[in-house]
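Okay, so here's the structure we're looking at.
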Amino acid sequence: MHMSSTKPFRVAVAGASGYAGGELLRLAARHPRLEVGTLTAHSNAGATLGSVHPHLRSLAHRLLEPTTPEALAGHDVVVLALPHGASAEIAAQLPDDVLVLDLGADHRLVSPDAWERFYGSAHAGTWPYGLPELLHGDGAGSVTGRQRDLLAGASRIAVPGCNVTAVTLGLQPGVAAGVVEPTDVVAVLANGYSGAGRALKPHLLASEGLGAAAPYAVGGTHRHVPEIQQNLGVAGGGDATISFTPTLVPMSRGILATVTARLAPGVAPDEVRPAWETAYADEPFVHLLPEGQWPSTAMTLGANAALVQVVVDAAAGRVVTVTAIDNLVKGTAGGAIQSMNLALGLDETTGLPTEGVAP
Amino acid sequence: MHMSSTKPFRVAVAGASGYAGGELLRLAARHPRLEVGTLTAHSNAGATLGSVHPHLRSLAHRLLEPTTPEALAGHDVVVLALPHGASAEIAAQLPDDVLVLDLGADHRLVSPDAWERFYGSAHAGTWPYGLPELLHGDGAGSVTGRQRDLLAGASRIAVPGCNVTAVTLGLQPGVAAGVVEPTDVVAVLANGYSGAGRALKPHLLASEGLGAAAPYAVGGTHRHVPEIQQNLGVAGGGDATISFTPTLVPMSRGILATVTARLAPGVAPDEVRPAWETAYADEPFVHLLPEGQWPSTAMTLGANAALVQVVVDAAAGRVVTVTAIDNLVKGTAGGAIQSMNLALGLDETTGLPTEGVAP
Amino acid sequence: MHMSSTKPFRVAVAGASGYAGGELLRLAARHPRLEVGTLTAHSNAGATLGSVHPHLRSLAHRLLEPTTPEALAGHDVVVLALPHGASAEIAAQLPDDVLVLDLGADHRLVSPDAWERFYGSAHAGTWPYGLPELLHGDGAGSVTGRQRDLLAGASRIAVPGCNVTAVTLGLQPGVAAGVVEPTDVVAVLANGYSGAGRALKPHLLASEGLGAAAPYAVGGTHRHVPEIQQNLGVAGGGDATISFTPTLVPMSRGILATVTARLAPGVAPDEVRPAWETAYADEPFVHLLPEGQWPSTAMTLGANAALVQVVVDAAAGRVVTVTAIDNLVKGTAGGAIQSMNLALGLDETTGLPTEGVAP
Amino acid sequence: MHMSSTKPFRVAVAGASGYAGGELLRLAARHPRLEVGTLTAHSNAGATLGSVHPHLRSLAHRLLEPTTPEALAGHDVVVLALPHGASAEIAAQLPDDVLVLDLGADHRLVSPDAWERFYGSAHAGTWPYGLPELLHGDGAGSVTGRQRDLLAGASRIAVPGCNVTAVTLGLQPGVAAGVVEPTDVVAVLANGYSGAGRALKPHLLASEGLGAAAPYAVGGTHRHVPEIQQNLGVAGGGDATISFTPTLVPMSRGILATVTARLAPGVAPDEVRPAWETAYADEPFVHLLPEGQWPSTAMTLGANAALVQVVVDAAAGRVVTVTAIDNLVKGTAGGAIQSMNLALGLDETTGLPTEGVAP
């Protein structure tokens, strides 16, 4: 589509005042092939970007406009960083030849039934799923492809949920290789507060969060559950069930996903790690750490990187994986740009930092 | 033994310069029946308590002595807050009629084999286990007793590990009632840094820990694993297996334990919560929160309290429990004083705060 | 007034759902002479206390009533933990023989002009000021009394602002003794988020506050400025001026006040520390640390304690003092109970913990 | 020297295992004109960079060598990230035509006397000072130049201390313009823990730092005091005195410097802000925020940016400035690369991010 041009791709961001929109802009501002176009907002329309994102110095003087199809016209790429429901509505009014990336959930789920059960509204249809590293398995232990092959030239992309990215990347090699059972998966996550967005809710106050760890959406109610099951189903070629518990811990960014699954019958412990080694040997943004080194969210701050470790607990009969990502980068805006690069025919890694900001 | 006296019980603390010893003193200083006697330390011997625990104002001028049997003589109670291995050695030299509480692991495990596998040294023998709320089950869904009955008049008490207390209190009602399977339990914990003690290790630096979540002792290697299995075995009357993963998160105190177990075959979801209600209806320090309210570690800071919630995830076939404690209070020093009260014939709740310091 | 009774004093708390009200209740629940009576709230009226303060286990089932004079009737003590302005209104409707403590600002300032300039409303009058340790100086280097003498038997008490307590306790010995100049004082504070209360404002979100230090109310606009000047005026017998800058840092509780003042002409550096030693030698809750040990807010968490250190920077010509308090305890609720004890004729230290919860 | 080449400049880092060295590498890895050469370390020699800086993915396999002149030979640029004292020794053995940047203090101070008083060793000589924005004033209210003019073509550069950068950038416009007095300056800083480096000291543990604010090096003893005085002297053309108090607060990165100085006699409040506007109008990395917006350290995380605000407190007779930087970027490694760019004849902004990672 836009492949061979050397002039920059103009990108508009709808919902630029939120955390996801802001992070998209942080990365876009340093992307060598992007030019930042229109920025829109809802209640902040009329304000400067500097007043809501004072950390984005080079764009501080930009004005936020109301979110309308007209404001978003004339761009090569439109990124929708809007509340669930809002993105489908605006997306329907954008031209087909514009690349639209939805950071919201509206177009992620294939199953209308799952959508309606977890989101309580009519399904808006499914877009190509923007997780390039997603393995496609044949259900017999072989990988038949990766999601990135479906993203080249796409004009609509549904960017995954942040928790979903962490859990999927952590466990999918074992599911695809058949070394773990995709049923009875258990995932418990430590989550930074930026994942909850800028909503003004009492439990999101610093006074409440500092010094506290607390769960939310316990017992299978979190909206990321069907999306994880969908991904593990793609990787494994069958059904998956998961017990999923996110917990808020006192950090602004980051997801640490501890995911365990039962070792498949007849699989020897030393057959496990090779599945992860093979899956991620050539991935630019997903790194299996050396044996004995465990990921920390601090290693990924600001980086488009997922760090993974895996070990077998033979006594418990389970494989344990731990994955760290920055929820706003690999979990949202960085993942979006990675998929955008693929859709635009750019090198997948263009403009994406892999070095975290640590300590 | 010391039952009817109205004069105070004199308590000595060996290892008073560590976090567990300091917390024991914080509680002891306000306990109406205790008088703080000798305080000992290793490298800090000769210093004032105020120089190592400046928050303990009323004891700031006390001197720390070297840890010897002579220094510990002449007390009604001796609390050992020493590294694993050290407590067994000193305990062997204390008179039989003194109440000795070991905050270390040396006398917790019944199985010499488990001890040797996880601690790599000779087993020092088993003491009465200081978790008053521990259920004793018959393996057929009935509770036959509680651990507190074994603590009255005891002269030696092994205080449980902090993680063990959180996991056990969270899951044992279901195990004892037979509504969950004790095999294939999965526990993931968010842990504050004080649980790691005052050791000078790079990964325990504030620069590394702030903004970070990271696991440790993954894959069944943590020394609390056999102790949890032992407790669930007592509650359930059979074997238990657990996948156990602690993670350090940026808070100084607190454990949030997310523990899941498979719903037992044939058990209806509405049979689950009653097991927890029954188990904790009369417990002074373990509280099942109202339905829909989830525990946060912040609710327990400084308090001898365990807050528990439980829910059934029918789609995943698992019961999910979340328990919050202060690792240094209900998880260590408060639990010790609770058991001490029982052993001394005092009311179990004497001197123990149940109100947390929040926010 | 209520002096010799051995039956408990019944205390009502208006505004029990806020942080100050909650902390008052935490302390009241363990105070040997208090009985917690009516609890009122505004938007939370009708809810249980456990739903807003889940850490207060023993009071979890109490119901919050609307704040009316009728609801507050029939108590020995009424504590007003209400927004500025609201407390004066309700206080005017309470009987004269009830002890009323106002945690808000309405009755702190003597100067109607200062009140109107900083609060923008009509002055409600001045109550006895509830800082027992406040020195009264003669302006010639001698202390003529302490504020506690004015609190015995009082029936109305204005509890000081939290920042004011920290700054006053840090600097007043030097001002009273005439070793520092009360003009050109500079105070910069590190403040925990609970000081901002439970208001839902974007900059108070955990996502914004974690990893961040940021000032607020810079340049002499903070409402605590005239109150500090008033106190230093009482201590010094003359006018005081102060540059005051609070900064929010990522902790829930605590104030660390770094306060500097010019060394008075002709004062030798070794004349400085004795002023602090003398001022606080007999104070139960204000502690001058040994030379070389500096206060940390962590040392005061949950305790009614102010830790102070002082040093002379001869090259800069300034005395530097640092004071740590828990803003909700010595800075608010603990200070209130301390004054209440005095007013009721109880020992000043009754029911007040001096041991902090650390680490 | 290296001006016109289009081939990359090879940079060696001595002391690559520390925080400053790691941050230099994070920036160097994305700098379009740099190639990372030899990396050296002391106790970590022999290890991979990935084992000490797991966040630096692209350099994870690099080996750390012992720090010797031979290992550092053959590079265009050598960055010394070594303890004070060590850098002078190794620098003396490097060729004159290699650009050497010292992140340590050894070559910052002009006055041998000040060096000896604060560092207790023999002065190693003075190098061009690497703060490009440092104003040179004539002492009569006019700016005669900026430090960047002295850095073009330099082959030795002394990179400033992190606190020094924050305080200097905050106050120097007023000093140079003569609107504030350079004597009796008061600075209080909120500091993240990474500024203390990786040293294993008890007060740097996460358990101690979480929830705590605490001062250090109080009373004029901090080694950055003479360096600040030197800079304010350059800006103002005369002597400066400062009361300087750093405080550790619970964040890993960032410095928030609150700096106040007396309004100069006869200066009207509205003459103040223009001094800052003029000084920073064309600076790429120092930003005076719009009136009413105050800097937060979170706005600068990972960015080579200093955010400044200034206000007059007429009642106190003081100008108050607040400056936020990332201590490891603008405060250390980013500032070093900025000066390196100037010395190499590159655009000053090459390879330096101005967008912070927020929230």
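In order of appearance the chains are A, B, C and D, and numbering begins at 1 in each one.
Keep in mind that, in the parts below, a contact is a pair of C-beta atoms (placed from the backbone, for glycine too) under 8 Å apart; a residue touches a chain by one contact, two chains touch by 3 or more.
Values in this document were obtained by computation on a predicted structure and should not be read as measured data.
The fewest steps needed to get from chain A to chain C, moving only between touching chains, is 1.
Looking at chain C and chain D, the chains that touch each of them are A, B.
Across A-B and A-D, it is A-B that has more C-beta pairs touching. Note on A-C: across the candidates C-D, B-C or B-D, the interface recurring with over half of the contact pairs conserved by residue number is B-D. Distance between chain B and chain D, defined via averaged C-alpha coordinates, is recorded as 46 Å. Centres computed as Cα averages put chain A at a distance of 36 Å from chain D.
Per-chain CA centroids place chain A at a distance of 38 Å from chain B.
Residue positions 19, 193-194, 207-208, 210-211, 250-253, 295-296, 298, 301, 359 of chain B each touch two or more of the other chains.
If you check the complex, the residues on chain B that touch chain D are 19, 192-194, 196, 198, 200-202, 204-211, 248, 250-252. Chain contact summary for the complex, chain A toward chain B: residues 184, 186, 188, 190, 207-208, 210-216, 218-220, 225, 241-245, 247, 249-254, 256, 258, 260, 262, 294-298, 301, 309, 311-318, 320, 322, 324, 359.
The residues of chain B lying in touch with chain C in their complex are 19, 22, 26, 29-30, 50-51, 53-58, 193-194, 210-211, 252-253, 287, 289-290, 293, 295-296, 298-303, 305, 307, 353-359.
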